[in-house]
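Next come two complexes built around chain A: one with chain B, the other with chain C.
This part shows the complex of A and B:
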């Protein structure tokens, strides 16, 4: 069990590094924490479009958008180890959580993580490509929408799950309830699209929905 | 991967008809291409989107630079993130744009003439990064100057039009001519890993020579036609698997796509990768098979044009008239364009052929 916990923690750390790298490639750096959590969520719901398994197929629904406590712990550890820079650090009371949280923007210390990212890109090429494309598609969101767009996401916004309940799209529940994946596969009915095309179309549509409330 | 959508789109269920009828943008359709080519295509698409707007500017150049993630992490002062740059609604000219492969990133204005633009790139240490200089001119005459190794190496520049060009057989042939001249003509033009020859001295073709030719041609066609066209390879159907398809389905209403052209590629080799000799009759049959494939794919999949593109690796260049003599009439009847390129085994052979051609007035 200890081994599993350690492995999961290491996987979370790698996940953070890869997400930050993908965001940096798209010019979204330094990355606000809500945007990092949001991209992690979108990566989870949309990974089946690339025939990948979600890293995490459940999360607690919050009114303000996705937040993964384990992911934040991994970020904090990476900051502590000096692999990630934390900038514009604030200690802010969040009414929804009824507690103070550290909010910051994050940036890789690239010289220290370059080799790890290159190795990850070699071993998990498809996952790396998926995250690069997803981050590029995500970068169409304006600064004020970063971290706050997923509340309009096909799965996140579905009214079958209330705030403070668990959204499950494959952890214990049926993966067919991954409505985001279903929506992405609905684009251009009858046409054979590249998986990455569906990501861009999905984020464009999400952006439109956010713009129109 | 299953393409059939599942039924429940959750919170987007009300949008189902919109999702099904979405206009394709082309973004993400080319992720198997090299990064610099994808960037060039994305920039051309972005410029086209801007020039379609009635308030498009044609006043001064702009630079679009493909930068690595590290550039954004320590980016020069004054850069502003421009998430809507690709929408066509915002000025591109008079600015330097530092972008990722999908043409999203950060921008800033520059002041002054063309020299000031180049100075700005040098000041940002960006003059050695792949760059497109956008040279706007009203009336559909804008150009893109592509510096794959940065503006500091201006001897490597290529110029492309911004305005889309329909992929006619003449233009397709022109693109393949360029690919042939720069990459295929003789083994010395490419590294061993991409060579079409297993052993050029013995005339042994590489096992996957056809695949390599197809890839090189696909890259060339993508660079020229991708902003408005999808260049697909190896598309399966009941009649077989096409080599290259050129389909116009970006920025058009759903159901309004144009199937411009299907290309059947054939490599004519006297000896394969194990040295086994192929008879002239076998090679003639290979050419005829190509004609039949091009015709059938064209008919079944409703292509406007169908082309048989042959790459001759045999020891003697007998020319198109001889190679296609047996199928010429049938090709006319079937409306298949016949094209031939001769692949030399060594630069020395090419030079000798050039000199012989001059001496005989050819």
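This part shows the complex of A and C:
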């Protein structure tokens, strides 16, 4: 089914606000653009741990890590509307991806978005909880690893998907190919873990993988 | 890892097409390090010669490769039929009674010498490392497969036919997923694993074939049974309804099978359309950010004290004419007024003149670079919108087919149940009916059992393949890099090879809930004059003929290089210039020369056939190789080793002129002038048939 583009754009805007809010609560503020895209990716790939449907179950693989053009446009719009501050706006050429990437840092103008976020938290309580737990787990990464961890993620690092090919974890292909979710669900076999604990364990595992290359 | 044949020498004796030096019936073809150029004219036997070379390596065995894509063909070796064994005998008037050919070649650490009768390809001598071996064909096959470190002799023929020899039929490798999966299996897995893969796959295909045959037979029997029931005179109303229901069921089953095939096609199309759409979106983003960055640099220079967010908003408005503040798109007039204000160094908010010292190297708004970036961005917007529409349409088509299939399956099941109900209403008479039903039930159970076994075998094969696909993927970067060297040396467009496993169901029976397996495969991406960025070319029809051939050659070169890291290799190409226009010749010579001048642990052998005067590739290639001492040394001259054709007699002077022209062209970069003896007589052979 073809989604209405305006609706999709509005959903993306809300998604950005909620992600920035979660990151801010986890102490990651202002948020570097790569970290925001990375968290968006991790939220997609790990949402089944909370029995949630991924917001977007596919993306084009890039050598330097997850990047959603649509998400970046949503951030730009929010900056324009004054709901998000952009700081240290710079463009860096990434040789591996053969393109410039915006490396700004973003911060919510909280007084302007507080009411919207509270309303979202009431209506989509489980999603909000998931994102807060995920951002908190994500905050264990040191600053130099923020935005560079997802390349070690189980699904992202799958060598059967080349750079410039599509990583699919449930849009057209079988959701069983969501190796990140599968990995998160295998921790502490035989023991019952809360979904949030699985997020922490998975991000801890990711942290270790990044540390060891 | 595998080894490819490193050709050393072939000697053809007493074969009517090649009387050789002084017409004594001995024709020697030394395969030099680097290039061997078999030069002739139409009818002189160039293709026959390289076919002979091929048959010396395959003997009387062959694999039944179809004309187009090889699909799931059985690679078991079959003996050539009598006609094919006599293919060389049939070309000469004495039936090649006393003719023979002897080929010497290396394969890894082993050196082989093979002699065959040309009248029937029978093996007459077989020497391995100087020791005479048994001349049984099976001994030959086993020894060759073992030395090549391949799992079977069938794999050896596959490697020769799809990789080493590039015949005139131009069998595509990079665009044939079936050929790719078989080659990657054969070359990059151990012989034992490669064989185990084949064994498991063949088991599934055989089970699939048996199950489908039995299922079809069962359906036929059911129809026959229904017809007999209809002929009976009792319960005429029920029988009439049964006949109608059975006809309806037959049609639904046909339709179901068609829809299953269509669903597979629409799924592949939507995957491809999605890839194109995501790449187009990425390309649009790339173009936007590059333009935006350039705009921001300008704005930073003009308005250094403005808030960062404001500068960013202005940069965007001046990039894609979108106002981020209110979300309005296409505010081109405002963009123009902003550009004018900045150019005049006025504040964009209050229009006051800005009193400031400007850095000397400020990027001005009207820079040609900005205009170029803007044009690139505009093109990327059009492409992204088009690809997004394509993606949505492809996805909609798939979902519609899926819904149609579900409805068809439901209706089929309902009609099937109706047929059963009607059959149950018939008088339960006759022993015949009972016996018939019993047999049908038994066959039905067998089909169900086979279907279940097929499902298990497919699942297990998918898991088996997963691990080994990952092993093969480890070579992907090296293959891609080598492909890039060769392809980008030839093509004017940017190109890249992508690791892109293909999803295929093993066998033709319905998936039955089993995911298609993912076979290892590469795909080709190419930029185009009307595309922004790289675009997947999933079919040879999506590139030009010359691009097609050299992309395939680049892929072959890359595979050869990576799959045999410890030995040099040979490539045999029939008439590479046939698809090239003059512009590509220079690059083609460079790329072919690159292969001929390099190699793993030695220098590769490139064997090329060509017609005299067919273009500039031959002289360019000879110049590129620049053989020490004599640039013409790589030439095997069929004009003197072969039997003159009527055209050669009639057009003797024209051929002589072509030869002189070739010599001049080859020596044009060389200090030495062509020697007088290089002037040729094309009517009678007076040369040894190779080199100078």
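Descriptive notes on the structure:
Convention: the second predicted complex is superposed on the first by the 207 of 213 C-alpha atoms of A that agree within 3 Å, B and C clash if a C-alpha of one lies under 4 Å from a C-alpha of the other, contacts with A are read in each partner's own complex, and residues count from 1 in each chain.
Assume contacts are C-beta pairs under 8 Å (C-beta built on N, C-alpha and C of every residue); 3 or more make two chains touch, one makes a residue touch a chain.
Keep in mind that what you see is a predicted model, and the values were worked out from it rather than measured.
After superposition on chain A, the partners chain B and chain C are accommodated together without colliding.
When the two complexes are overlaid on their common chain A, residue A:180 makes contact with chain B while staying clear of chain C. In the overlay built on the shared chain, the residue A:188 is in contact with chain B alone; chain C does not reach it. Angle at the C-alpha centre of chain A formed with the centres of chain B and chain C, after superposition on chain A: 140°, rounded to the nearest 10.
Residue by residue along chain A, chain B and chain C are tallied for touches, and B comes out ahead. Of the two partner chains placed by superposition, chain B and chain C are both touched by A:159. Contact with chain C, but none with chain B, is seen for A:58 once the two complexes are overlaid on the shared chain. With both structures placed on the common chain, the touch criterion links A:81 to chain C but leaves chain B unconnected. Taking every C-alpha of chain B against every C-alpha of chain C after the fit on chain A, the minimum distance is 10 Å. When both complexes are aligned on chain A by C-alpha atoms, chain A residues 159-160, 176 touch chain B in the first and chain C in the second. Chain C makes touch with chain A in their complex at residues 267, 270-271, 274-275, 278-279, 281-282, 284-286, 289-290, 292-293, 296, 308-309, 311-313, 316, 323-327, 392, 395-396, 399, 469-470, 473-474, 476, 496, 498-501, 515, 518, 525, 534. If you check the complex, the residues on chain A that touch chain C are 1-2, 58-60, 62, 69-70, 72, 76-77, 79-82, 85-89, 91, 98-102, 104, 159-166, 171-172, 174, 176.
Of all residues in chain B, only 1-13, 15-16, 18-22, 24-31, 68-70, 72-73, 81, 83-84, 86, 98-102, 104-106, 235, 249, 254 touch chain A in the complex they form.
Here chain A touches chain B in the complex through residues 21, 24-29, 51, 107-108, 110, 129, 132-133, 136-137, 139-143, 152-160, 176-177, 179-183, 185-189, 191-201, 204-205, 209, going by the rule given at the top.
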